[in-house]
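Below you'll find the structure, written out as structure tokens, and then a few comments.
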Amino acid sequence: MEFAITFKGDISPKRTVALCQQAEVAGFKYAWLFDSHVLWRECYVTMAMCMEHTDTLRYGPCVTNPGVRDWSVAASMFATLAQQSGGRFDMGVGRGDSSRRVLGRKPLTVETMVEFCDAVRGMIRGDTVRYDEDTAEVQIPWADGFELPVWIAAYGPKALAAAGAHADGLILQMADPWLCQWFIGQAMEGGLAAGRDMSGYRVMSAAPAWVGDMDKARDQTRWFPAMVGNHVADIVEKYGKSSDEVPQRLTDYIAGRKGYDYHHHADINADHLGFITDDIIDSFGVLGTAEQHVAKIKELEAAGVTQFNIYLMCGEEERILAEYAEHILPHFQ
Amino acid sequence: MEFAITFKGDISPKRTVALCQQAEVAGFKYAWLFDSHVLWRECYVTMAMCMEHTDTLRYGPCVTNPGVRDWSVAASMFATLAQQSGGRFDMGVGRGDSSRRVLGRKPLTVETMVEFCDAVRGMIRGDTVRYDEDTAEVQIPWADGFELPVWIAAYGPKALAAAGAHADGLILQMADPWLCQWFIGQAMEGGLAAGRDMSGYRVMSAAPAWVGDMDKARDQTRWFPAMVGNHVADIVEKYGKSSDEVPQRLTDYIAGRKGYDYHHHADINADHLGFITDDIIDSFGVLGTAEQHVAKIKELEAAGVTQFNIYLMCGEEERILAEYAEHILPHFQ
Amino acid sequence: MEFAITFKGDISPKRTVALCQQAEVAGFKYAWLFDSHVLWRECYVTMAMCMEHTDTLRYGPCVTNPGVRDWSVAASMFATLAQQSGGRFDMGVGRGDSSRRVLGRKPLTVETMVEFCDAVRGMIRGDTVRYDEDTAEVQIPWADGFELPVWIAAYGPKALAAAGAHADGLILQMADPWLCQWFIGQAMEGGLAAGRDMSGYRVMSAAPAWVGDMDKARDQTRWFPAMVGNHVADIVEKYGKSSDEVPQRLTDYIAGRKGYDYHHHADINADHLGFITDDIIDSFGVLGTAEQHVAKIKELEAAGVTQFNIYLMCGEEERILAEYAEHILPHFQ
Amino acid sequence: MEFAITFKGDISPKRTVALCQQAEVAGFKYAWLFDSHVLWRECYVTMAMCMEHTDTLRYGPCVTNPGVRDWSVAASMFATLAQQSGGRFDMGVGRGDSSRRVLGRKPLTVETMVEFCDAVRGMIRGDTVRYDEDTAEVQIPWADGFELPVWIAAYGPKALAAAGAHADGLILQMADPWLCQWFIGQAMEGGLAAGRDMSGYRVMSAAPAWVGDMDKARDQTRWFPAMVGNHVADIVEKYGKSSDEVPQRLTDYIAGRKGYDYHHHADINADHLGFITDDIIDSFGVLGTAEQHVAKIKELEAAGVTQFNIYLMCGEEERILAEYAEHILPHFQ
């Protein structure tokens, strides 16, 4: 099990750097950043800053999308970050959620997301790529052959299959072991169907973690299942509540959902959290004593998760990292 | 007179940082970067890196354009750079030259460029901005009121007037004092016509500088008038060779021009340099002994230039900086 | 009340830097380092390293002594640190405890310590100083007039009087409010007797802090009163147990003391901790819930302490800093 | 041939860092610093600072001496620098020249210098060492087995033999190929007599370098043979002018020497430079066109020198580094 953190881009630049250093010293492997440029600070120049103050920590968006930058701009930026950091850059990607919705736009299709992955990987490697009929072929003359690791974020059957078939890793935004296993199975099937060797496939479970009292833990992380609910609602809408493809466990919790204000995305104090039950909070995040964290992360490991990624945005971030460093990571080494 | 350097993004990251530090120690005020993401490394993550290793040097694109990123992405990135650096970010902007041409696209209009300036400035300040009818209003919740300094790059009458009316500074990509004065006059008229107080208006002359033997100096900088020729050709095409609005001095030199390969933009070894005469090289750049540099920069100063910006991309970059630090800057303090 | 941390020099360089950044972000004002070069890493090159990664945090030895470096070497080193950091260097000084004892040498006299302060301050300022009859006069030609802030560590009456008369601040290695007040009174008298204005006099209480369960807290900090016991034993030996000059509260606790191994100085697992009672641990350190910390530091403040300095060497250092940042510092702003 | 630079500690901290980065990018392997704490800023905290801004450059004093710090303090400081930098620390050492003379003290004996090397190497490695009868045995508990590379500075027969027998490298403060060869021969004999394999033995030639006009070059470097003259005068005094052990070439040039003011050590504008002839300047330094530098360094290489170390203290330091990077280092790769 490797450990990661994710920032949403609202912590001061200086504190962000200090947290990255604390995480690196503690043995964390990745610092991911939300790529949602209106809601929070732009993540790529933040990564560039943090890279200068760390030696081994890897960085990447969790997640970017194909719909707010020209694809050659994305490729150039990612390739530059890789060159500046000695290759410490991965791309997490999805169809475009909050980054697009706050602009009044919809997520893109799974197909577009896969094309984006291929185009960006190709341009970063140095291939000549045509990604748009109205745009000339692009070949980055300073590319150095870097093979961009790609992680795809998925909930729905189609995206899961695409993640298995086209990515190095799968991003699951939740820490419910049963659901993780169910999602991972679909990605694996997708990969095998595409004829890939899935033995080195990587799976990230991304979720808030709170070490301490359970009541406080729930208060600090209630926003998370609400956020996940957006994606679940999309799936339920598309595949139907009673579909074989969507487990009842996943659909039940959004039954009481009444709307979601993207301007309070990932916000502890949002107004749209009413429908979230304690049961769902406990299941989607990692909460409680250090022992409870260790036990749950072991369950995730058994379910096929290879990276536990803390959504470090619930308060007392330095303490949470410190608790992980002292009491939790040592159980996974 | 303040001094600046410009990188095109082909110098290794580590060397770029070292040059920024050398420049800062030497008393330079700005490090500008070309924003042409296919030809060279992406400039914003490079700036973010350099900011971490300097304290006073200001950074900015020289120049960006409205046509390769969603405008809210640009605003978010610039605002983040300003926050990370304690406000050390300016925007240089043009209509989109090499950044768009290598993608098979044309420059945008002066009107679009001006709208872009207004929208980006507004979003960075924290205003609610609608910049596109298909896009929702954007308000960056983490904006902190930063007033983005904007420099507009211009050659043609319309762009010059716009620079005077809408920007804090004018970017002139050449160091011919007569032409600079002629351009500056137009920008000033544009500003006065718009009712602005132009007393604090800033004017950058950007050009290659080579301290040393003239033959070598010409070999190293011949690419520059060729690059400028693209813009001049546009103007001549638009306004006519014998127009009152375009001086003969400017049009004559492109008479022999036969084509330009954007894949060898700003390239010392390009094949499209044949039509450039020594006279034009000497006039457009700053070449020769330290004394000659001092004399020419004094002429520029007399013509209304407030910032001399070295295009630091002609070889022996550390030595050029060192010569300026030892022998040239002291004459302007 | 200002807050500080102290390292003993056994935390890895990289983690030391990360902790300094965490402390600076959290609002701490000083990072002190033990100067005991055999037991732990040399503190001055560690400070030089940390200074490069922080902007406002001040540094200094807590404490150095006059007896292991030529005084001009000490002055040169301190002046260089001040110049490298923009003046972020203070000197804490004592008579020489573990730094000398591990070399088989005894502490020096209070007189020598005071002479050292004067000589070092003078050399750093740029004065011509003769500090040793066998040594030529020294004048540091590159001195820039920096006025070195000096803090004197004291327990005994003579040292306390000297601290009041000759230093900018007093270092008290303990957090018992009653004793602190008693010590501070003596320093103040010393200062007033010397005709000084004591209104801006600074007083540091340095002690371990542990936020959490009391049993664990005592286990992690038992080494501290044992360490302080060395100094108390010296005083008792010199002034007598029943002297008016030494309160019974101070002497009683060392009654059971049986020896002290300097090779396990400030060591949680030392063998010489048997004589320390829970009562003394609780009194000398700051332990328990965040509320208990706030209450005790308020008591220290009332007793005249102006800086609470955490001996950050009891384990879970990142968490302790985080608890202070989240729950304790906000009560003192 | 590897290349190095040496600072004397009078360049501002920020500029020192920038020069180290420029040197590292250019392919230099070492940055040495004078250890003469009164005349210039203290070199070890300067090294610690520079280490934080470089990745591969090695650092060390050129040279330290056994007579201004307790030997355990020196060992602790060097071990800490090695740990902070990932082992990028070497020790250059001599008998104590300006560092001691400005304090009115004499250099120590070759025997003492050799004992110092052994003691410091041992303590840094983690051995238990007794280096002084009045001092307890010292064992640094945090030592990590680092094997300190030691370079001995020598001119006289005894020191040269000691350098060959006891050090990893020899420091020759001059760039006269004939004299270097003569010195190197003696060190090699010393090493072979001690039964060592001298095949990997390293030899540094340290001298000023000036690329450019010869008249200016001589003006900027005249101080250097004057400084070397102190050492030569010592040798001549000890071994006699007509001794077989001292070549006439070496003694002749100091015939006109009339005194030396250590407060203007290594100072371009000192008053004691009158006796230095152009011939000696040309011979002791490396001056003239880039081609002349290449030719002379090739001669030094043929004479057995393995590292050319530029005394970077003659003015226009950035330009000198740049000239070496562009025009000289490429001839030795």
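Labels A, B, C and D are assigned to the chains in the order they are written; within every chain, residues are numbered from 1.
Here, a contact is a pair of C-beta atoms (placed from the backbone, for glycine too) under 8 Å apart; a residue touches a chain by one contact, two chains touch by 3 or more.
All of these numbers come straight from a predicted model, not from anything done at the bench.
J.: So chain C and chain D: same face meeting same face, with over half the numbers shared, or different?
T.: Comparing the two copies, chain C and chain D contact each other through largely the same residue numbers, since over half are shared.
J.: So which chain is farthest from chain A, going by the mean of the CA atoms in each chain?
T.: In terms of C-alpha centroids, the chain at the greatest distance from chain A is D.
J.: Measure off the straight-line distance from the CA centroid of chain B to the CA centroid of chain C, and report it in whole Å.
T.: 54
J.: Using mean CA coordinates as chain centres, what's the gap between chain C and chain D in Å?
T.: So the centre of chain C lies 38 Å away from the centre of chain D.
J.: CA centre of chain B versus CA centre of chain D: separation in Å?
T.: The separation of the two C-alpha centroids amounts to 46 Å.
J.: What positions in chain B touch 2 or more of the other chains?
T.: In chain B, the residues touching two or more other chains are 53.
J.: Touching residues of chain A toward chain C in the complex: what are they?
T.: Touching chain C from chain A are residues 12, 14-15, 17-18, 21-22, 24-26, 53, 316, 318-319, 321-323, 325-326.
J.: Within the complex, which stretch of chain D touches chain C?
T.: 9-10, 13, 37-42, 44-49, 51-53, 68-70, 72-73, 76-77, 79-81, 83-84, 102-105, 134-136, 138-142, 263
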